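We call the chains A, B, C, D, E, F, G, H, I and J, going by the order they appear; numbering starts again at 1 in every chain.
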Amino acid sequence: MLLNIDPILSPDLLFILRAMGHGDSLAIVDANFPAEGLGPKCIRADGSDATAILRAVLSLLPLDAKVADPAICMAVVGEPDAVPEAVADFQAVIQEVADTPRDIQSLERFAFYERAKTASAVVQTGERRLYGNILLTKGVIG
Amino acid sequence: MLLNIDPILSPDLLFILRAMGHGDSLAIVDANFPAEGLGPKCIRADGSDATAILRAVLSLLPLDAKVADPAICMAVVGEPDAVPEAVADFQAVIQEVADTPRDIQSLERFAFYERAKTASAVVQTGERRLYGNILLTKGVIG
Amino acid sequence: MLLNIDPILSPDLLFILRAMGHGDSLAIVDANFPAEGLGPKCIRADGSDATAILRAVLSLLPLDAKVADPAICMAVVGEPDAVPEAVADFQAVIQEVADTPRDIQSLERFAFYERAKTASAVVQTGERRLYGNILLTKGVIG
Amino acid sequence: MLLNIDPILSPDLLFILRAMGHGDSLAIVDANFPAEGLGPKCIRADGSDATAILRAVLSLLPLDAKVADPAICMAVVGEPDAVPEAVADFQAVIQEVADTPRDIQSLERFAFYERAKTASAVVQTGERRLYGNILLTKGVIG
Amino acid sequence: MLLNIDPILSPDLLFILRAMGHGDSLAIVDANFPAEGLGPKCIRADGSDATAILRAVLSLLPLDAKVADPAICMAVVGEPDAVPEAVADFQAVIQEVADTPRDIQSLERFAFYERAKTASAVVQTGERRLYGNILLTKGVIG
Amino acid sequence: MLLNIDPILSPDLLFILRAMGHGDSLAIVDANFPAEGLGPKCIRADGSDATAILRAVLSLLPLDAKVADPAICMAVVGEPDAVPEAVADFQAVIQEVADTPRDIQSLERFAFYERAKTASAVVQTGERRLYGNILLTKGVIG
Amino acid sequence: MLLNIDPILSPDLLFILRAMGHGDSLAIVDANFPAEGLGPKCIRADGSDATAILRAVLSLLPLDAKVADPAICMAVVGEPDAVPEAVADFQAVIQEVADTPRDIQSLERFAFYERAKTASAVVQTGERRLYGNILLTKGVIG
Amino acid sequence: MLLNIDPILSPDLLFILRAMGHGDSLAIVDANFPAEGLGPKCIRADGSDATAILRAVLSLLPLDAKVADPAICMAVVGEPDAVPEAVADFQAVIQEVADTPRDIQSLERFAFYERAKTASAVVQTGERRLYGNILLTKGVIG
Amino acid sequence: MLLNIDPILSPDLLFILRAMGHGDSLAIVDANFPAEGLGPKCIRADGSDATAILRAVLSLLPLDAKVADPAICMAVVGEPDAVPEAVADFQAVIQEVADTPRDIQSLERFAFYERAKTASAVVQTGERRLYGNILLTKGVIG
Amino acid sequence: MLLNIDPILSPDLLFILRAMGHGDSLAIVDANFPAEGLGPKCIRADGSDATAILRAVLSLLPLDAKVADPAICMAVVGEPDAVPEAVADFQAVIQEVADTPRDIQSLERFAFYERAKTASAVVQTGERRLYGNILLTKGVIG
């Protein structure tokens, strides 16, 4: 553990957050998400739910203020306008914690998978609620 | 996740539990324990407390019924007879879950480190309570 | 070995089953199948027949209830409607064990190879009967 | 599979049998044996019992005719003269199959572990009977 | 060395023969063939000629009875109908040893290279005669 | 870069600080120190002086309050009581920043090398002043 | 450190500068640049600003006198003709130090990323000013 | 060193010369050539000029007598018919040493780079003269 | 293959012969020798007998003229003065080929194993005759 | 190549010289020295003689002014007081180039080997003269 850093951020996750640059993205995904074979490094966080990881990540990571969609969720299959409970919670965390809060945008399921393949890493949480996935784009620190 | 298996057991932890044999040991340690450079593979479980991991582990792992000390904790420095709160909880979990419950034995701090170096793996939990460490020895399945 | 888990599931196979997510697939193949150089990790199970592995896998792995073909076999070359004995046994195991039983669909031999290349792993069994191959897609655990 | 070779011998096991020379040893162990972290490469054979593996191995491997103990088992703890059922079966297989049959010698449990650490490989079978372990020393082919 | 197995089959070659499945191929090539950088694993057999390796391989490997060209040689450049001495010897070995003898088919030099790139391995022999190359496709063991 | 974390802490250094546990140590050394081949991982910080790294490290790392020497410098050869300018600066930084300030203890040159070999990592700074080396022991976070 | 070589050039950076040939390029980037996952090896220089690294690099590296753009910066988004302060400083360093000074050319942001992917390495500095990035092409030493 | 082999041929270079087959090529390049990141293994020969390496290589390597261009140099940029001094020396060495001397052909600079990417290895010499590069294709030994 | 070099010397063997220096040794061993797990790199030469390899090696490798035992064989167990046929052949090859012929000395079996563990490599030949092992020490080339 | 750096210093050698610290040593050895298997990384410089490498190394590396033997050669076997020609040349180079010239000390042959095992690297030159070996200890840059 370290002073002033949320201890649910593991060494691997802290490394990748620090190594990411402007425009790089991070995926935080639920316990059912196919994360291990997707391509990017998979960082396990089986004992944490997705909102706790999101809150901890946003305490260190600036969202990209220069794009319209620095936070993206997976659209509900067949109900693209639905807002799953987990996503509503993500939005609340962003409002509360992010340096530049934005509305979460959504992507169709398989488009979300494609986008997640370009992430710097995928954090697999123990989130049990469906659609508990979010993609964040890192901004600039002036 | 898998049916009938506690989802806080990550792929790496499930692998090592299955690979261990009679007499092999597993260390479950708290968030302050020097686990990464100890020698055995370190499996991160930053989002779980030690009792939750212990409970999940004992749902799959038999304790060694042939030795007197299949469960060992670290003695409090300067107070070898004290029973820290985390250890009391470990004992309760063992009574409730283990196939062959035994009293937890204790080892002096540096002797505990030496013993942990011989473990098959060290699981670093997010346990915040001091002395939240336990060493388990695997038994036989008949 | 572990309590409550079929011991023919090796550490590697248990790891991959746990690491797989929604939509990932696993191939269980017979002793003549060209598994080692196919692409995915090849897990050896030379001493088990395919139905025993299927039964053990389905005790832990949910089938994907959201697709029409969560279980796929290889069509007999030249007799696409034939049901080989091994496949009939697979269907019986699925009926008995799977959480959401479905009819096994079939794919032409080379299409089956292509699909198997996208699996998370290929389990090479000692199954001696021809066409003793099956592809499973993992579902969601709610 | 190959012509004239028992198919329960996996590629890894065939490799090691062929690579071994005069005086090298192989351990065939039961499902409870602590094989993975012992030191030598661990070859999984979870779906086979130890006698089947022994029979297949002896179809290819000559026993060392120049030493008194080319086949060694683990002595029963507390009953050094007991002959466990698995060991009796091993002796029968050796009588039937080995090129130069010898009486199996026994070693105390921890001495057996030490000896197994010097083996070229350890084959972990699915043998459920206790004391289902045997160490073989390879002989010369003239 | 092993009982009943030709000792010119090295551990690596035995491994790959055992690991190959139905439809996988093996290239046995002469001493001038560009084998090391071709792509597949290159197994050295500098001290053996190609016919000796072919004979040893066919003692274990079934040819694919379901295709027209389970054995392919390289056509002589500029004389596609010529039968080099090495190829005539290969045909004689196949007639004598293979479980299902077939006529060797031929491929133009660069087409042969392309086909060899898909082999499970390339065995580089010490064969000094030109055109001493053959590609074998593995069959099924019933 | 990350919010609220000194950007001279590189991804590797942040990783190791987070991974260290109670009693693990970190060496921060000057530009002449023989760091690369010492044994522990060497983390380059050629563009920073040692005091800047020390200040950044102590903003995250608690010193061990349970030992007498959580901060150790190298004694001047031949003048064991001298306090080099760099060490005086280290002491000032500790007084200002550390959670539990302690007097820096000193070790003879070769004893310091031996102790540094047990560190979790060695940070090689661009510090040009001689004796610009310090060993820190990590404490507990309650 | 070495005689006559700027000590902010780390071993890795010195290696790559020496290994580069005519026409190879090096990217020196600011602290916000997405360097770690870009493709080329990322060399950390968190404690140095970009102009200091540029000056040190040009003391050893000849610019390519045979191309029009041996030094390239990233154009300001939306203001392609603007000259950021960092770039003005880069130009001054080039005028002062380079063996064959040239005007820095500019590339649109994403074109700059594509070009940087072909660099021999990316040096991530601690440069805090935006647009503190430069790509250098190595010339010939006669 | 070895008897009868030029000692400027290092172990790595001897290995690759021996491993190459009919039609494989080797690039011998000057000190300014961008060799390290080109793709093929780069073998350093910083202390030798290109003609010395060429002479040593041709003492062991047969040139391909079946192609028109077993030796290729880089055309002078803007003067495709010029014959640089280094190339004239290469031609003299080939006349003197090669088993089947041929006129060196030339390729435009970037076409030469593309061809060099397909070489089995690139030998980077200390040749200081510009255009001191040559690509050799290995022939057959009857 | 290469001009003027015996083609039974594989790329790996040529590499190690060239890399060895004064006082380094090479073991050439028979087909029963326990070579793979001994420690040094094992180079396979299954298709060659030991005398052929010895002859090829001595065409390149000088024997150490400064020691009394540059060539050592394994003494026959129980008959230390016997000269096995293979050793007699080795002596004849040395007389004929070596630059500085010496009488082969002998070492007891297990002492020979210990000495072979210090060799730069072990060449496992297909030599079928017992005691077909020899250790060579490399000399100086003036 | 780089400006102002002797081009016989390869990327690997430049890396190690820069990475070495106070008290680390470098061995420069002749063509007969057993360098590859000694332990430290072996850097090939087959095309350069030892004095040229020594001169280039000393243009960058300070000798340790705090020890009596920053430069050590191997004593002639049987003539410990002899000064081989190569060593006389080394002394002349040191006098001419080193920042703090010292008399070269000598060590008995096997003691020299032991000392060389502790070097940061061994540079194997093409030096043909016997006893062309020297060990240098790096000093401090103030």
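What we mean here is this: a contact is a pair of C-beta atoms (placed from the backbone, for glycine too) under 8 Å apart; a residue touches a chain by one contact, two chains touch by 3 or more.
Protein names from UniProt, one per chain: A, B, C, D, E, F, G, H, I, J = L-fucose mutarotase.
Worth saying up front: this structure is predicted, and the values here are computed from it rather than measured.
Between subunit G and subunit J, the least number of touching-chain steps is 1. In terms of residue-numbered contacts, H-J and C-D present the same interface, as over half of their contact pairs agree; the other options in C-D, B-C or G-J do not. Between subunit E and subunit G the centroid-to-centroid distance comes to 52 Å (mean Cα coordinates, whole Å). Subunit H has its Cα centroid 54 Å from the Cα centroid of subunit D.
One inter-chain figure worth recording: subunit G and subunit H are separated by 32 Å, centre to centre, where each centre is the mean of the chain's CA atoms.
Of all residues in subunit B, those touching 2 or more other chains are 1, 7, 9-12, 19, 31-32, 36, 128, 141, listed in ascending order. Those residues of subunit J whose C-beta lies close enough to touch subunit F in the complex are 19-24, 66, 120, 138, 140-142. Touching subunit I in their complex are the following residues of subunit J: 31-37, 77, 128, 130. Interface residues of subunit A, counted against subunit B in their complex, comprise 1, 7-12, 31-32, 36, 44-48, 52, 125-126, 128. By the touch criterion given at the top, residues 1-5, 7, 9-12, 14-19, 59-62, 99, 141 of subunit C touch subunit B in their complex.
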